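Order as written gives the chain letters A, B, C and D; numbering starts at 1 within each chain.
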Amino acid sequence: MRDVAIVSFAQAPNRRRELRNEVEILMPVVQEAVARSGIERPFDFTCSGSSDFLQGQPFAFVIALDAAGAWPPIPESHVEMDGAWALYEAWVKIQSGQAETALVYAFGKSSPGDLPEVLATQLDPYVLAPLWPDAVSLAALQARAWMEKTGATARDLAAIAVRSRRDAKSNPNATVSGDAEIEKLLAAPAIADPLRAHDCPPVCDGAAAIVLAAGERARKACARPAWIRGIDHRIEPHSLGARDLSVSVSTQLAGEKAGAGRGAVDVAELHAPFTHQEAILREALGLGEGVRVNPSGGALCANPMMTAGLIRIGEAASRIMDGSARRAVAHATSGPCLQQNLVCVLEGA
Amino acid sequence: MAERCAIVGIGQTHHTARRDDVSIAGLVREAATRALDDAGLDWPDVDAVVIGKAPDMFEGVMMPELYLADALGAVGKPMLRVHTAGSVGGSTAIVAASLVQAGIHERVLTVAFEKQSESNAMWALTVKTPLQSAVVAGAGGYFAPLVRGYMRRSGAPDDTGIRVAVKDRANALKNPYAHIRDPNLTFDAIAGSPMLWDPIRFHETCPSSDGACAMVLTSERAIPKPKLAPAWIHATAMRSEPTQFAGQEKINPVSGRMCAKDVYSKAGIANPRKQIDVAEIYVPFSWFEPMWMENLGFAEEGQGWKMTYEGATALGGDMPVNCSGGVLSSNPIGASGMLRFAEAAMQVRGQAGEHQVDGARIALGHAYGGGSQFFSMWIVGSAKP
Amino acid sequence: MSQDVRDENGVLTAPHVLEYPYRRSVGPVLGRFFTALRDGKLIGVATQQGRVLVPPAEYDPETGAAVADRFVDVGPGGVVTTWSWVPRPRAKQPLGRPFAWALIRLDGADTALLHAVDAGDPSRMRTGLRVVPRWRAERVGHIADIECFTPENA
Amino acid sequence: MTEERKPVTNIKTPMRLEFRYSAGEATSRFLRGIGQGKILGQRCPSCRKVYVPPRGSCPRCAVPTAEEVELSDKGTITTFAIVRVPSENIDVPLPFASVHVLLDGADIPFFSVVQECPVDEIRIGMRVEAVWVPKQELASTLASIRYFQPSGEPDVPFEKLAEHL
């Protein structure tokens, strides 16, 4: 495998309601990531991630290309997935020897619609989607399965929310942050028993961009590139009733393939939009108590759809690039109840 | 450093207006099973799945790869979903090829599909935006002015488009999978068909199809016991440009010209018309054949129509184009690009049956999408690159 | 003409509706399931290893193989394997009053089906609860031919 | 009874999702201009080209655009199609001309329709002008421009339009 690294990362403030259009949100983010990389356009490859359904308009990604710098024409691709998978496609392109540098970006505007309902259209169109189960209720099915198996309590979940919000105080892009008291959180009614509001992510809009470079190009671009030492993704059966929801076998498998356990992990950025999912993912990746999880506040504090996974990779890379971590694990998820998972292992040297 | 990549299995469905006998999964699975059978492989042999399709509004299923994971044997494996508008079938195959070329996987299944009968193509492609006034009537309404611009600029005879349609529909009669297989589509029948988006007539337009296409790509060392010699990927290329900008050349897009130049140079092709034996290109409206002949460098600017006129692009011509009947005869949008790539590979494997070009050794697969702004191409050959 | 155009901090916003009456062909396996639902019955399909999938899947999620052409009567009763509570149902959801979503393993099945449970109050829900379907009188061959499930002893 | 036994082969799964669309900053400024009977483009600070409707950036240079330029509501047809087939999105009577109009002062064509002119008289190079709704009905939507109609000025030669195709 070639040495490929993340050399810069930028993201938009994750707002509950972003009124700008996708190009207006993306362009400053792309410009910032490109400027920080010091790499001049054109990039050898560009890849983006988004989903048209979020805002109910086909070809949103086509318009978004205006922000990328696509003139003269560029080699470019798009995944209808979280931007973490766009990063994977770009990494593959570099591995194949067809590119030395790549620009990756993602955007998602969830605020125009009723997101938990929009996500019901992701489900099996014959026996699931016609019942319109909302995404929060489905996550709650998983939360209960996990709690009843492990004996974890609502207080254990709330502790994850409290820690995440506290960490998010130092993240200017977070949607939710602050010092929350467990008792106050637990006093709130469940919104989808067993989940309370603090167990769920804010609905928000966002965008992010990452620049990748191979070998010498990366060393030139960045004092401490975040080298991608392993990246892998796996998918599980779609039907929730055909899976053991209390574990994440696809995360475990992707983690093994990416080599997450091949060394001590300083920091992990896990794409866990719901509190219980952080616990499930920690276990799947074998992350012990000593691992700092989601110092950014994680998806519980800012979960722009199609972008939050790429942001996890960017946040983890940032810890390597600023020298505060030597080895980091980043994770992205897609689909109902952690159906599909990607794991990326980053190292400073 | 790239590994060689071979196409060892190809499958497609019979394309038709409405596949009422299968679910979405059943449709996709049918093409994938045929590709695996052609390769002599089974589901557990596949390392990864790359799937592509056009807008999710067609079927009303957001990110349908999630639901299709089971049907494509992807459980426990990596699965990627590509969407680059109309060029998606081509770019999906290119992503699958990259996985092999990078040495990440040995055997990759790539699939593209559209089940357009679940909704309505015109609606799914042009959902109305609030505060705007809808003035573009679907893809035909979008592309017809570009065709008129081409006609005006090139001075091509008015019946050029009709001749393309006559040729492609005749070719489709030789392709058992084609959607439009109608021996009555003569010059007069096409000329007499109603104008939909003047200057584009009904029979100069692609149909709306249900269909899927799949291919199995492997590394050199993983080529299964050959039932049939593989096709080799000699080069791939993609180019994109913004939707609309000042100075844009909409009729002869720079992105398409650059993409062609790139794919030829990687494949060692100096004279495409001489060195390429057959081309499968994305022609949703008949006039795009002459337009793409120029864009692809088979003809000088303004001269592409002559190739159609002189019969160069016919099955027996010196530069046969769309021997399968092309998009004009079958158009499951998300799969249409992959069908071009697959048909090119079928030609160099000698697998194209009645629409086979004798002795085809080098073939071009081409797809485009958006407002003529996304291009993907590959050159495949019967010999190792 | 767009109604209800608003100016929010200088940016114009307006309602936008994405609406289509999708009609889906279901294929042979799901066709059997929906036909059975219309006839007031629940069936599963056997995998080649003999596991019974309910709702039937066309392909075995574990192996990718096509399922066997063997359909098995299941239920009508079953057991809740996990559940969540909906205090404020959305308009499109099966019940207009608070209800539970549950994964229900029907008697004779190896996988669980997602549906609504009309339990009245969350205190009446628990994992392991036995439930039975409440059928609609007018059935068309649709997952909503089962209006919901209800606790068996109710 | 036989009807009852027919196997189910199809299901209906209607979908209706409601969104609150946001036009974005640049398009909103443009639409508010329309509400005042003005067509506002934006000039790229780098290539100096004028975009209409503006989207807040120049995709050619990949930079934001801010400078507003008021454009004429007259222009030239660079190309067109005659639409003779119904489309559920469009309520203009058939047949109608779907046109690309290069507004005077703009560098990209604007998509609209031409009415008040037999469709077989529409031609590349024809000069047209916007027909607005009555002043009291002006609103911040493109529907405020009802259509374009021939202005009666002499045609622009094709050579002058070639770069816009």
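Operating definition for what follows: contacts are C-beta pairs under 8 Å (C-beta built on N, C-alpha and C of every residue); 3 or more make two chains touch, one makes a residue touch a chain.
The structure presented is a predicted model; accordingly, all values stated were derived computationally and were not measured.
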For the chain pairs B-C and A-B, which is connected through the larger number of C-beta pairs in contact?
A-B
Once you find the CA centre of subunit A and the CA centre of subunit B, what distance in Å lies between them?
33
Using CA atom averages as chain centres, what separation in Å is found between subunit A and subunit D?
37
Just give me the whole-number Å value for how far the CA centre of subunit A lies from that of subunit C.
29
At least two other chains touched by the same residue of subunit C: list those residues.
2, 5, 8, 11-18, 20, 22-26, 30, 34, 57, 61-62, 142
Multi-chain contacts in subunit B: which residues touch at least two other chains?
20-21, 23-24, 57, 59-60, 70, 74-75, 120, 123-124, 126-127, 129-131, 242-243, 245
The positions of subunit A in contact with two or more other chains are 19-20, 56-57, 63, 65-66, 70-71, 112, 114, 117-118, 121, 125-126, 129-130, 237-239
So that we know how the chains sit together, what is the shape of their touch graph: line, ring, star, complete or other?
complete
Listed in rising order, subunit B residues that touch subunit D in their complex are 20-21, 60, 120, 122-123, 126-138, 140-141, 144-149, 152-153, 194-200, 242-251
Touching subunit D in the complex, subunit C uses residues 1-2, 5, 7-8, 10-26, 31-32, 34-35, 37-38, 140-142
Going by the contact rule at the top, pick out the subunit A residues touching subunit B in the complex.
1-2, 46, 51-53, 56-59, 61-63, 65-66, 70-81, 85, 88-89, 92-93, 95-98, 118-119, 121-126, 129, 232-239, 249-250, 253, 334-336, 339-340
Listed in rising order, the residues of subunit D that touch subunit A in the complex are 11, 13, 15, 17-27, 55-57, 59-64
Quick check on the complex: what are the subunit C residues that touch subunit B?
2, 5, 12, 14-16, 18, 20, 22-28, 30, 57-65
